[in-house]
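Multiple structures follow.
Same chain, two partners: chain A is paired with chain B first, then with chain C.
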Partner chain A sequence: MKAWITPTSAARRGLRVVRRSVRAALRKAYVSWRRSLQARVVTTTLVVSALVVAVLGVFLMQQITTALLEAKERAALLQLDEGVGVAQRQLAVGGSDNSETTKSRLNAIVTTLAHRSGPSGLYEVIILDRDDPGSVGFSSNWIRLKSVPAVLMRQVEQSDASKPYRTYGTLTYDDGSSKPGLIVGTKLSRYQLYYLFPLTQERQSLEVVQQTILGVGAALVLLLAAIASIVTRQVVVPVRMAAQAAERLAAGRLEERMKVRGEDDLARLATSFNDMAANLQEKIVQLQELSQVQRQFVSDVSHELRTPLTTVRMAAEVLYESREDFDPMAARSAELLQSQLERFEGLLADLLEISRYDAGAATLDIEPMDVRELVLRAVGYTEDLAERKGSKIIQQLPGEATMAEVDRRRVERILRNLLVNAIEHGEGKDIIVSVGADRDAVAIAVRDHGCGLRPGETNMVFDRFWRADPARARTTGGTGLGLSISMEDAQLHGGWLQAWGEPGRGSQFRLSLPRVAGAELRGSPLPLVPPEIELQRAPYAELELEADA
Partner chain B sequence: MRFRVFTVVLVALLAGGCVGVPQGGRVLSGNAGGTEQPIDDPYVRIIPVGPEHDWVPSMIVQGFRTASSSFDGPNGEHQVARSYLACASCWKPGAASIVYDQLEDPISEDNGPGQATVTLQGTQLGKIGADGQYIADRRAFKQVFHLRQDAQRQWRITEPLPPELLLSRDDVTRAFRTLDLYFFAPDAQVLVPNPVSIPLVSRSWLATQLVKQLIAGPTTWLKNASVRSAFPAGTKLRGLGVNGGVATVDLSRQARAGDLRNMSIQLMWTLRQLREVQQMQLKIDGKAVDVPGVSGTLQSTRDWDAFDPDGSGEPQPAYVRRTDGRLAHLDDNGAQVILTKVQVAHPAISYDHRQVAALNAAADTVTVTDLLGGATRTTLRATAKGSTFTTPSWDSRGNVWVAESTATGSRLWVIEGGTRPAPVDGWALTPYPVRALRISRDGTRAAVIVKVDGRWQVQLGRVDRAPSGGLQAEGFIAISSELQSAIDLAWSATDHLAVVGMTNANPSPSLFDVPVSGAPISPMIGPGGEMTTVAASPGSPLLVTQRVTGSASPNAKTLNVCRLSDRFDEWKCFNGTSDPAYAG
Partner chain C sequence: MLVVDDDLALAEMLGIVLRGEGFEPSFVHDGDKALEAFRETRPDLVLLDLMLPGIDGIDVCRQIRAESGVPIVMLTAKSDTVDVVLGLESGADDYIVKPFKPKELVARVRARLRRTDDPTPELLQIGDISIDVAGHSVKRGDRHIPLTPLEFDLLVALARKPRQVFTREVLLEQVWGYRHAADTRLVNVHVQRLRAKIEKDPEHPEIVVTVRGVGYKAGPA
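Now for the complex of A and B:
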C-alpha cells in the first residue's frame, strides 16, 4: 500500500510545484503586462499578426490544394480518354470472341496501359470483365481491387458508355501499404476501365508547401514581434528615463534633468520636463529662503524682546511690591501687569525654544535615568495645579527601576506639558499616569477624562497655537506651544508622541522612547487607546458586559 | 511605422509570388537513377474470384484454371483458387506448370450422382519444372479433374489434383519473371548463368526467392554440368531485406564454412538483376562479415565487375573473310587483311586473339593457324564420307569445338589447346544432323541447331566430364517452341542467343533474340536481304551475312557483312565480305 502512496504523493508534490511555478509565471506575465507598455504592444502584435498569418496560410493552402488537384483531375481524365482509345483499338482487332482470346486481349490492354504509366508508376490500371469465370479482370502491379470505391463502381456500371467518373479514395496495395489516390473510371462496352493515380507526389508537394508556409509564417510573426519590440523600445526608453527623472525629482534631487536628443516629440517632452523642474527648483529655493528668513526673524525678535522685557519686568516687580500703596484700581493694574508679564515671559521662552528647533540647534544631553523618577518629579510639580482644579493624579508605576538614556530636562518638560494639558482639560476628574517598559522601549501615558478630542484633532493638537476651543480666552491655559515643543523633544529622542481622544470619553497622550539613545523605535509597551475603551469596542467584550449585567 | 513594415513584407511576398516557371536557362543532364531492366516492366495481374453459386463442373474447372494462374496471397499460394477445392489445404502446387498454346473446350462427364470428371486438353509449348527450369516441348497434353458436390450441392474439385498448373503463354509472361542464378564453372573462376522462372508474388518476395533458389543450388539440368556453388550444404537464408539500395543477406551459421568471396560474387551477380539492389551486406547468423577484397561490410556491384560472365563488355575487334578468301579485320573503313597467305572459310578466333580455327572451302577440314606468322598448328579432316564441319567455336580455356555432320548423324570434336584433336564420346546428338554449334564463353553450355523430327531446332546442352573421365555433351533441351526453323546462331550474351531463323508468322529468315531461359523470343530488325550467318559478342554490335542479288546478273548472288551501328538501330554493310566472326 505504501508502495503506491509514495509515488502518488511525490506526483502530487510535483504537480503542486508545477502549478505553483505556472501560477508564478502567469502572475509575472500579468505584472509585466500591467507595467510594461512594450510587453503589451509586443504581445498584441504577436497575437494579431499570428491570427492574420494563420488566416492567410489556410487560405493559401486551400488555393494551392485546389489548383494542384484540379490539374491532376484534368490530366487523369485525359489519360483515361487516351486509355479508352487504346483499349477500343485493341478490342476491335480480331473477331473470335471466346473467353481465352478476350482474356488475352484484356491482358494486352492492361500491359500496354501499364507500360505507358512508366517506371515511376504514374498510375495503376484495373480493367474489369464480369463474364469470365475465375477472374474479374486484370490489374497492374500490386494494386488491389478494393482500391476502387464501391460507389464509383456502381456508378460506372449503371452509366452510359465512355462517360468518365472520378472520385478520391485510398489505394491499397498487396504489401499492405496504402496511399491517398484519385480514381477515374469509365465503361468500355461490357468492361470497366479504371485508372488509379496515387497522390503521393501531390501530398509531398503539399507537405513541403505547408511546412514552408508554417516556417515563413512563424518567422514572419516573430519578425513582426521583434519589429514591434524595437519600435516601442524607441518610444518607451525615453518615457522610462523621464519617469526615472521625475522619481528622482520627487525624492528631492532638484538638480535632476533629462537629456534632450534631437527635435522630436520626445525631445519636446524632455525640454518641457526640464523647464518644469527648473521652475520648481527656483520656487522651492525661494520658499526655503523665505522660511529661513522668517525663522530668523522670530528668533531675532524674541532675543530683542528679552532685554526690554527684563527691564519692564523689574519695573513691574517694583510696582507690584508697592501695590498696597496704590489706590485699588492702580493696585489691580499692577497685579494684572505682573501676571501677564509672567505669561509673556513664558511665551517668549517657548518661542525661543521653538526657533532653536527650527534652526536645527537643539541638542540632546543624554544620561541614563529612571523614568519613574522623572514622572514623580513632574507629578510633584503639577500637583498644586491639579488640586486647584480638583483633579487627582493617579500614578501606575512599575515596581522596578525603568532605566532609559534620555535628556532629563526635555523629558521632564514633555511630562509637565502633558500633565498640565491633562489638568487643564480634565474637568476636575482623575488623571492617570502610567509607565510601561519592555526590552527596547519605555512608554509613559497620560490619561484624562475630560471633554476628549474630536476625530481628526489627534494630529492637530501638536500644531503651534492650536486650541481645542477657539472661543476660549487666550488668557487662560498655556502658551499654545507646549505640545509642539513636546513633539519636537520626543522626535529629537527618536521617540513618538501620540494622542488619542474621543468626544466625552477623555483623551490619552502617550510618549514612547527607545531605551538606548539612537536606537530605532519599533513598538510601544503601552497601548495608545486605553484598555477599557479597546475592550468595549470588541464585540465579544460587549457580550460579556451584557452577561455581567 | 508598423504600416511601413507591413508594406515591405507585403511587397516582398508579392515579389516572391511573381516568380514563375522558368522559360529558359542552361541545358542540364538528367539522371533517372537506376537502369531499366526487363524485370522492371510493369506487372499485370489477373484478379481472381471464387466460384459463384450453382456453377456447373466445367465452369468450376475453367474458373479454377483461371484463378490458379494468379499467384495471390502473401507467399503466392493461390488463395482464391483454393476456394474451388473441396479440401483447400490439400493442394500444394509449386512453380511446376504446363505452358499451353491451345486449350480445347472442357469435356465434362457425369459419373453418377454428385460425381463428375472434367478433362482439359490441348497442345503445350513446354513445361516449367518445380525448380524453375523451362524446357520447350511441343506436344499434346491432358489434365483430368474430379469433382464432387458438397453439402450445399455446390461442385468442388477433389483429389487427386493434377500436379502441374495449367498456364497460357500470356499467364507465364504475366506471372513469371525469368532471372539468372549465377554459379561457377567447374574448373574456372567464371560465372555461369542458370535461368529460372520465378512467380512474381511481390517484389520483396522475388529477392528472397531468388537467393533461396541460389542457395539451394542449380536446376537439375545444370547441376549435371557440375557447376560449383560456394554455399556449403545446409546453408539457409535467415532473412533478406532491401532498404535504400542495400540488400542485407543474412545466412545461417553453416555459411561460415564457405568461401565468403565466392558467395558474395554469386549473391551480388544474382541480386544485381533487381534494380533496387545496388549494394549488399552479407551477414552470417545476424553478424555482418568482412569479405576479403572489399573495404567495409558494404559490397557494391562494382566490386565484382571483374567476374562479368560476359567478359569485359567492351567492343571486340571483328573479323571477316574477304572474297579472295583472306582473313581480314573489319573496322570503320572496311576490311583490312591480316593473313595474306592463308585462305579461310568460317573462321573462329580464339579469345586471346592469337589463333584462328577455320574450315576450307569444302568445309571438310578444320585448320588451326597462328594469327602471327601464319604457322599451321593442326589439321582435322572429316572422317565420314560427305560429311561437313560446322563453324568452329572456341571456349575461354582455348579449346576448339566443332561438329562433323552428315545427313543422318553427327559427331563432336574438340581440339584441346588448339593442337590435339579428339572425338567427344558422350555426344548426345549422334543420330541427328547438326547445322551450327557454339560453345558458351564459360565452356559449360553448347547451343546447337539440330534437326529433330524434321525440324531445325535450337537446343541447349551442357558440356562436362562423364563419370568415366571423358568429355561429354549431353542433356540437350529445346529452348524455344516458337522458332519454326533456324539457320545460324551466336551467343550475344551469356544467357541470350542471336538466332537467324523462321517462325510460323514469318517464314523468311529473320533475326531473333532468344533467351536461353525459354522466355519469349523477340524479333530484331535485320539489315534486309537473306541472312545466312550471324556473329555476336557481348557489348559489340551484331554482325550478319546478307545474301543480296548482285547488280551484274540476277542469278549471281553476293555476300555482304552488315554491322549494327552501336549507337542507332542502323545497319552498315561492307561489300565483298562474308563469314563474320568475333573472338569465341
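Now for the complex of A and C:
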C-alpha cells in the first residue's frame, strides 16, 4: 500500500532495524524519564523556562522594535516638516510651467533637501507634481517611484494640506535591490513630498538585539536546567540512597543503615529510616528467637517424651510376647497396653509434626518424583488394612510417568492419610485412586463409596481432631490429626487438598500439586466431584462446598 | 556389646531385650566414660544414644571411630535431617529413631553383626584397588587401607558386580539389611566416607562413581 517503501527487501529490513532501534531508544528515554525524579524535574524546568524565556524574548523584541521605530518616525516627521518649509520657499521662487523645467527644478529642490541631511544619504527624497504626472523629482537616480506605496500616495492625495502621513514599505532601487524602509509624505499645494528612510541600520540593530536575546535566553534556560539538576540531585541522591538501603533491608540485610549527615530534612529522613530499621531488626530477631525457642522446645519435648516412651514400648512388647504365660486378665491387659501404646505413639508423632508446622519449622525436601510411584507405595502400605475392612483399592493411573517436584515423604504421607481415611469410612466398598496430569499440575483423587459427608463438612474434615460422628465407634484408631497434617503438607507444596461428599454417595478427596515446586496452581487436572455424580446431579442439589486451600 | 545411654530405665530395658536375644550387653551412662568403657570391653557393636550428659553422642562416636571400625548404631529422638546426618558423618553406621520396637532394634543390631562367612577366598579388583573379601582387607598396591566393616561391605557389594548401577534402595537392602525403603541419606553419607578413604581425589571419584538420578556403581565411568 505504500509505494515508497518498495525498493528492496534489504532496504526494508534496514528501515525496520532503524525504526526498531529508534523506538528502543525512545522507550529507554521514556523509562528513564519515568524512573528518575531528577530527569523529570530537569525536563520540566527546561520546558517551563524555555516557554517563559521565549515569551519574555518576544515581548522584549517588540518593545525594542517599537521604541526604535517610534524614534525613527519622530525624526522622519521632523525632517519632513523641515523639508516642507524649504521646498515651499524654493517653489515660491520659480515661475515657468514648462514641464521640463519643472522637473529639473523639482530635482534641484530634492537634491537640496537630500543634502541637508549630510552626505551620508540617510534618506531619499521624492517630490511629484500632482497636475503633471511626468514631473517627478528624485534625490538620487537609483531610487524608484515604486518605492512609495500607492496606498500612501492616495492618503496624501486625499488629505488636507500639510498633514504628514507615514508607512513602512520596501525601497526599491534601479539595480533591483530593495531594503525595508520608512516612508513619510505630505501634500504641498500641488506637490507631494516624500521622504524615504532606509531601515537597514535599525534592522541590523534589531538583528543584533534578537541574537543577543536568543543567546542569553538559551544560556538562561540551560543554566536553569543545570541549577534544577544540581538542586534535585541534592535531594534525589539521599532519597536514592534511602531506597537502596531499604531494598537491601528488604533483602534481609538487617544491619543495613543510612549515613546521617547534617541536620536537615534529609538527615531526619536518614535518622527515621535508621530508627525504623533498628526497630524492624529488633522485632525480627525477637521473632526469630521466639521461633527458635519454640523449635527447641518442640525438639526437647520430643526427646524427653520419646525416651521413656521407648522404654514403655519395649516393656509392653516384652509383656505382649509372653502374654500366653499370663492369666487371661493380665494377657488382655498386655494386649490393650500394646495397641494403645501404638496409638499413643502415632498421636505423639502427629502432634509433634503439627507443632513443627505451627512453629514454621517445616521445610520441603524437594525432588522430582513419579507421582504414580508414590501412589503405588501408599497403596502398598494400606492394602492390608483395606483387605481387613473388605475394601478393594482400584487404581486408575496414567500410562506414562507423571513427574512432579515434591517432597516424597510428605506426599506419601498425604496419600496414606487419604487412603486410610477412605478405608475407614468406605464401609467395605471399593476405593478408587486416580491420577491425572496436565502441563502445570498433577492431581490425585481418592474416592470412597461410604457414608459420605454432609453439607458443610467438606471444610470441617480438615479441622484438628474433628470427627464425622462423635458417637461412632473408633475402629482403626486414627489420631484425628491426619487430614490436618495432610492439609499443611499440601499447602507447604503450594497445592490444594479439597474434599467432596454427599450423604450416602461417598466422598472424594483431591490433592492437586504444581509440577514445578513454587509455581502457582491455577487449576486441577481432575474434577473434585466424581463425573458419575456430576452427570446425575439435579440442578437443585448444589451441595458441593469446596475447602479452599 | 556396649550400650551408651544416660536413661537408666531405657538402658535396663535394652539390656532385657538384648539378653533375651542372646547378646551380652555392658552399660555406660556417661559420655565421658564411654571411650574408657569401650577400650576395656572391646565390644562387637556399640549402641549409642545421641543425647548424653558430659560429652554428647556425636563426640563419643568420633572418638570411638578414631580408634576402631566397630559397628556403631545411634539411638536418636530426632529424625530431623541435621542431627541424623551429623551423627552419620561422625562415623555411625546406622541409626534408629525413638520410639522403636524391640524387633526393629534387634534386626538393626543383627544386620550390623552379620558376618558373611564366605569360605571361598575371593579377590576383587576395581581400578587400582584390590579387595581380599575373606581376609577382610583392602589394598592399593602394597598399601593397606583401613575400612570399617560397613564401608567394607559397601565396597564389596559394589565391586562384586562392577559396572552395574546400584540404586540407593538396593544398597540399603544389601548392606544395611533394610527390607523397606528407608533413609537414603545413610547411603550418601557412607559413600562419601568410603570415597574419602579409597579415592585418590574424593572430589573426582574413580572407584565409586555416582550415576546421576540412579545411584552408584564401581569402576570407571
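Note that the second predicted complex is superposed on the first by the 275 of 549 C-alpha atoms of A that agree within 3 Å, B and C clash if a C-alpha of one lies under 4 Å from a C-alpha of the other, contacts with A are read in each partner's own complex, and residues count from 1 in each chain.
Just so it is clear, a residue touches a chain if its C-beta (ideal position, glycine included) is under 8 Å from a C-beta of that chain, and two chains touch if they have at least 3 such contacts.
Quantities reported herein were computed from a predicted structural model and do not represent experimental measurements.
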* Asked: Of chain B and chain C, which one touches more residues of chain A?
  -> B
* Asked: In the superposed arrangement, does A:E345 touch chain B (first), chain C (second), both or neither?
  -> second
* **Which superposed partner A:D365 touches (first chain B, second chain C, both, neither)** => second
* Touch check for A:I393: first (chain B), second (chain C), both, or neither? -> neither
* Answer with first, second, both or neither: which of chain B and chain C does A:S302 touch in the superposed model? => second
* For A:R313, is the partner it touches chain B (first), chain C (second), both, or none of the two (neither)? -> second
* Common interface residues of chain A with chain B and chain C? -> none
* Contact footprint of chain C on chain A as seen in their complex -> 299, 302-303, 306-311, 313-315, 317-318, 345, 365, 377
* Asked: Quick one: in the complex, what on chain B touches chain A?
  -> 1-2, 5, 9, 32, 36, 40-49, 51-52, 55, 59-60, 62-67, 70, 81, 84, 103, 168, 170, 174, 202-204
* **chain A residues touching chain B - in the complex, by the definition given at the top** => 45, 99-100, 103-104, 107-108, 110-111, 114-115, 117, 119, 126, 128, 132-142, 145, 174-175, 220, 223-224, 227-228, 231
* To do: Going by the contact rule at the top, pick out the chain C residues touching chain A in the complex.
  => 7, 9-10, 13-14, 16-17, 20, 51, 75, 77-78, 80-81, 98-103, 105, 181
